[in-house]
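Note that subunit A is present in both complexes that follow, paired respectively with subunit B and with subunit C.
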Partner chain A sequence: MTTCTGCSLLCEDIELVLKTGAISEAKNLCRKGQGHFQALFTERTKPMIDGKEVTLDQAIAKAAEILKNARTPLLYGWSNSTLEAQTVGINLAKKIGANIDDTSSFCEGLLMERILNGKIPTCTLDDVRNFADTSVFWGTDPSNSHPRHLSRFSYYPRGEKRQKSYEEERTCMVVDVRKSATAHLCSNYYFRVPPEGDAEFLESILTVLDGKIPKTGDKKRLIELGTILKKTEFGVIFPGQRMIYSMQDKMDLFEELVARLNEITTFKVIPMVGHYNMRGFNQLMLGQTGFINSVSFRGGAAGAATTHGPEQGVALAAKSSDAALIIGSDPLSALPFGTARALAHIPLIAIDPRRSLTTDAAQVVIPSALSGLEAGGTALRMDGTRISFEPITESERLSDEQILTRIMEAI
Partner chain B sequence: MSVELKIVCFEDIFQYESGEKSRFSDEYRQFSAVILLDKQDMASLGVKDGDKVLVENEISKIVVAAKTSDDEPHAGLAFMINSVWSNQLLRDDLCNASVSGFKGITARVAPSQGEVTRIPEIVQRLRA
Partner chain C sequence: MVGAMEIYMLLPKTNCKKCGLPTCMAFAVGLLGREKKIDECPPLIEEKKYEAKLKKLHEVMAPLENASEIGLIIHPEKCFGCGNCVVACPVNVAAEPTRCAVGLGPEGDKVILRVQDGVVLANNLKECRRFGPNKILCNACTATCPSKAIEFV
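And now, the complex of A and B:
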């Protein structure tokens, strides 16, 4: 049995039989996980400096040299690394006075910060399976992003208090700009919002909860939605990126909605985190710095966070850094043009199990083991549950933690 | 003929699986370099499924394949899968809340005789 690190559900019930060059048998593995584990056999990275293959020792030494000589280094990625690797990474940032940030500054961070600071109530996915009668997927499509969410936790399982499950006891709702696969599944309760219209939709729900008629939107359907929310015994909202991008600086409204719902019944929130250990990085950072991401350790007392804010987020930090270490992430592919372009113009050190646009552009490439298959460790599921996993196959490749430790030692 | 559209990005499990195998494959490009258009916008542009369109804004430009959306009607709104192609059009300037205007893309779409933009060309632009 192994754990899939393909998304933040961290499914622990995966049975795999590996043969040379292929997965010969797989049980409980979704299509996304199947793709994730295929990374074992395709386009693996090799140690490189300036496009030429070198020894691992040479690549690590060069990485240490670049970071040591950088005036404003940036350490970015982290959401696809274990807690153990993230801990070493934060220590590395403290040691060299670096800026450190993860993928959450571009996605769920805005909401995660409120969850971790206790401003928005949350629960575990096991609570969802056992008690939830209403799940609201808002700006997210778990059928494509977290394929086993509905089957393991939110819709189909017969939980402790939900033995009649989706047939009678669970309602699944989708609020989204697009009629996604999940929206098709619960089409009776699909609520379409226009682009950037989530805040207005949310205000309409607040109006309905106050017993008034909303000024905008389909009044009949909004009243129907309000009635279901009020009758819910244990509800959970799962916000995704499309909701967060749409809300932007109006997230206080969402906090207000959740507070209002909890005056009537019980409602919790679990952000639909994408990468398998984004939450882990956010919790570690909060514990050590008081901030979940986007922190600089430059110029202050040893180990003290000196500044935090958008300027320390990757989008701006990439433009003011003179070198960057990228771990388990492909920002040249995943981030906006301007940020990717800024990164492509500074010396990059890429630690990654597989080839990407970022490893192709990197001055130094350090191959790493694939978490969950070739390297063990610990991570936090999207709901904060700690999951530990052991490697199921031997590998000569070092784990992220081992690579970062060696870079630290060499600086 | 061209139309100005709002573009929203979404996730697709088949494209994700393909990208995990290789971000440099033809299969991944075929999944990713696509824009889903409303039937009315397809007609306005005079394009049919598989025709190439130039998607351009103040940030960058790409050529992708047009496909009729099965989620109609949404004239004036288009959808693209999250990928390096859609990300070429994204702004990265920050709003007050520190999340960028990510995924709220406005772009002009026009028929194109060009080929779908390939990864090496994108990498070249990033390095230019």
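And now, the complex of A and C:
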């Protein structure tokens, strides 16, 4: 059995058959996971400096040199690394006084902060399978982003208290700007909102829950929605990135809605984290610094002079840094153009098992072993459940953790 | 997916009964259910004026040729490998109550649907509720598919 590290569901029931350096058979692996593992055999990175192939030792030495000489280095990525690698990464940031940030500052950070601080109630995905009768997908399309979400946890499986499952006992709702693949599955409960219309929709739900008629939107359908929410025994809301982008500084309103729903019945929230261990990084950082992301250790070791704020987030830090280490992430293709361009203009060190736009533009490329397949470790699923995995094949490549330890020793 | 009406429009519509069925509509339904073949309509083959219709009919019937004995057609290029059908299929659930029923992938070989190499794969079609003369028109797999990768004829 293998654990798939393709998304934050960390499916543990994967059976892989490896034959001469390629996957010949993969059971239970979804299309996304299949691509995640298969790309390793066609897009493998090699140790490189300035586009020329070198030995691994030379690449690591060069990386250490760049970080040592940088005045304001940035360490970015981390969401596709194990907890062990992230721990070493945070220590490295403390040692060189770097700015450390992960993908959550552009992703689910706003919501994750509230969940980890206990302001919004949450539960595990196993609770969802066993007890939940209403799942609300808000601004997310799990059929594409987390293909096995509906079938493993939120809608189709039969749970302890939900033996009749989707046929009778479960309701699935989608709130989105377009009729996504998931919305087709629960077409009766698909609520369309205009772009950036989530706050208004949320206010309408609050009005309906108070027993009043909403001012905007389809009143009949909103009242129907309110009735279902009130009748729910155990509901779960899965907010996605689109909802968080749309809400931004109005997240208090969402907190208010969850609190109001919990007065009536039980409602929990699980953020639809994209990368497999983003939550792990957030939790580690919260434990060590009190902030979930965007922290600068500049000017002192051991957390004495930590600063946190938007200036330490990758969007602004990319412009003020003079070197960056990117690990397990592809910011050059994923982040907005301004940030990506700022990153591309500074010396980059990319640690990645696969080729990407970032490794193409990087000054130093260090190939790593793929977690789950060639390297073991621990990670936190999107609901915070700790999942450990072992490597299933031997590889001469170093894991993220080993590479970071060697860079740290060389500095 | 082609419907009986669409096939009917491409038949002679004379109700000549040469195929052994009372009407052309009945023949269209027979074609769709794969109980009849296009060759069994003599006017369509023999008379020249139906040539264009015959060509079109072969075209619309082409996708049905890949259908299995229960009329199942899988489009692997559309499949996400989400496994919704694997978990929803009542035969799968009965075969593996500790795995398929609770959302995990199947272990044994008794299941009908499984996800392999990222796409859905059908086996043991004789176990399907749609198999044989006493079939039940179950649609658990098609109704739960987010990308319409599974279809029944």
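The working rule: the second predicted complex is superposed on the first by the 405 of 411 C-alpha atoms of A that agree within 3 Å, B and C clash if a C-alpha of one lies under 4 Å from a C-alpha of the other, contacts with A are read in each partner's own complex, and residues count from 1 in each chain.
Going forward, contacts are C-beta pairs under 8 Å (C-beta built on N, C-alpha and C of every residue); 3 or more make two chains touch, one makes a residue touch a chain.
Note that the structure is predicted; figures quoted are calculated from it, not measured.
Visitor: When the two structures are superposed on subunit A, do subunit B and subunit C clash or fit side by side?
Guide: They fit side by side.
Visitor: With the two complexes superposed on chain A, say which partner A:Tyr166 touches: subunit B (first), subunit C (second), both, or neither.
Guide: The second partner, subunit C, only.
Visitor: Contact-wise, after the overlay, does A:Ser105 reach subunit B, subunit C, both or neither (first, second, both, neither)?
Guide: First partner only.
Visitor: Classify the contacts of A:Gly338 with the two partner chains as first (subunit B alone), second (subunit C alone), both, or neither.
Guide: first
Visitor: Which holds for A:Leu29: it touches subunit B only (first), subunit C only (second), both, or neither?
Guide: Once the two structures are laid over each other on A, A:Leu29 reaches subunit C alone.
Visitor: Touch test for A:Leu316: subunit B only (first), subunit C only (second), both, or neither?
Guide: First partner only, subunit B.
Visitor: After the superposition on A, what does A:Arg178 contact: first (subunit B), second (subunit C), both or neither?
Guide: A:Arg178 contacts subunit B only, not subunit C.
Visitor: Of the two partner chains, subunit B (first) and subunit C (second), which one does A:Arg298 touch, if any: first, second, both, or neither?
Guide: In the superposed model, A:Arg298 contacts neither subunit B nor subunit C.
Visitor: Examine A:Phe153 and indicate which partner it touches, taking first as subunit B and second as subunit C; both and neither are also allowed.
Guide: The second partner, subunit C, only.
Visitor: In the superposed arrangement, does subunit B or subunit C reach more residues of subunit A?
Guide: B
Visitor: Which partner chains sit in contact with A:Ala361 here, subunit B, subunit C, both or neither? Use first/second/both/neither.
Guide: A:Ala361 contacts subunit B only, not subunit C.
Visitor: After overlaying the two complexes, what is the shortest C-alpha distance between subunit B and subunit C, in Å?
Guide: 6
Visitor: Which parts of subunit A are in contact with subunit B and also with subunit C?
Guide: Common interface on subunit A, subunit B vs subunit C: 30-32, 34-35, 143-144, 147.
Visitor: Would you pull the subunit B residues touching subunit A in the complex into a rising list?
Guide: 6, 8, 10-14, 16-24, 59-60, 71, 77, 79, 82-84, 87-104, 119, 122-123, 125-127
Visitor: Would you tell me which residues of subunit A are touching subunit B in their complex?
Guide: Residue positions touching the partner: 6, 30-32, 34-36, 38-39, 42-43, 105-107, 109-110, 141, 143-145, 147, 177-180, 195-196, 241-242, 244-246, 248-249, 251, 294, 309-310, 313, 315-316, 330, 332-341, 344-345, 355-357, 360-361.
Visitor: For a test of understanding, state which residues of subunit A touch subunit C in their complex under the given definition.
Guide: 13-15, 25-35, 129, 143-144, 147-148, 150-153, 155-159, 166, 181-182, 184-185
Visitor: Considering the complex alone, what residue numbers of subunit C touch subunit A?
Guide: Residues 79-84, 86-88, 93, 99, 101-106, 114-119, 144, 146-147 of subunit C touch subunit A in their complex.
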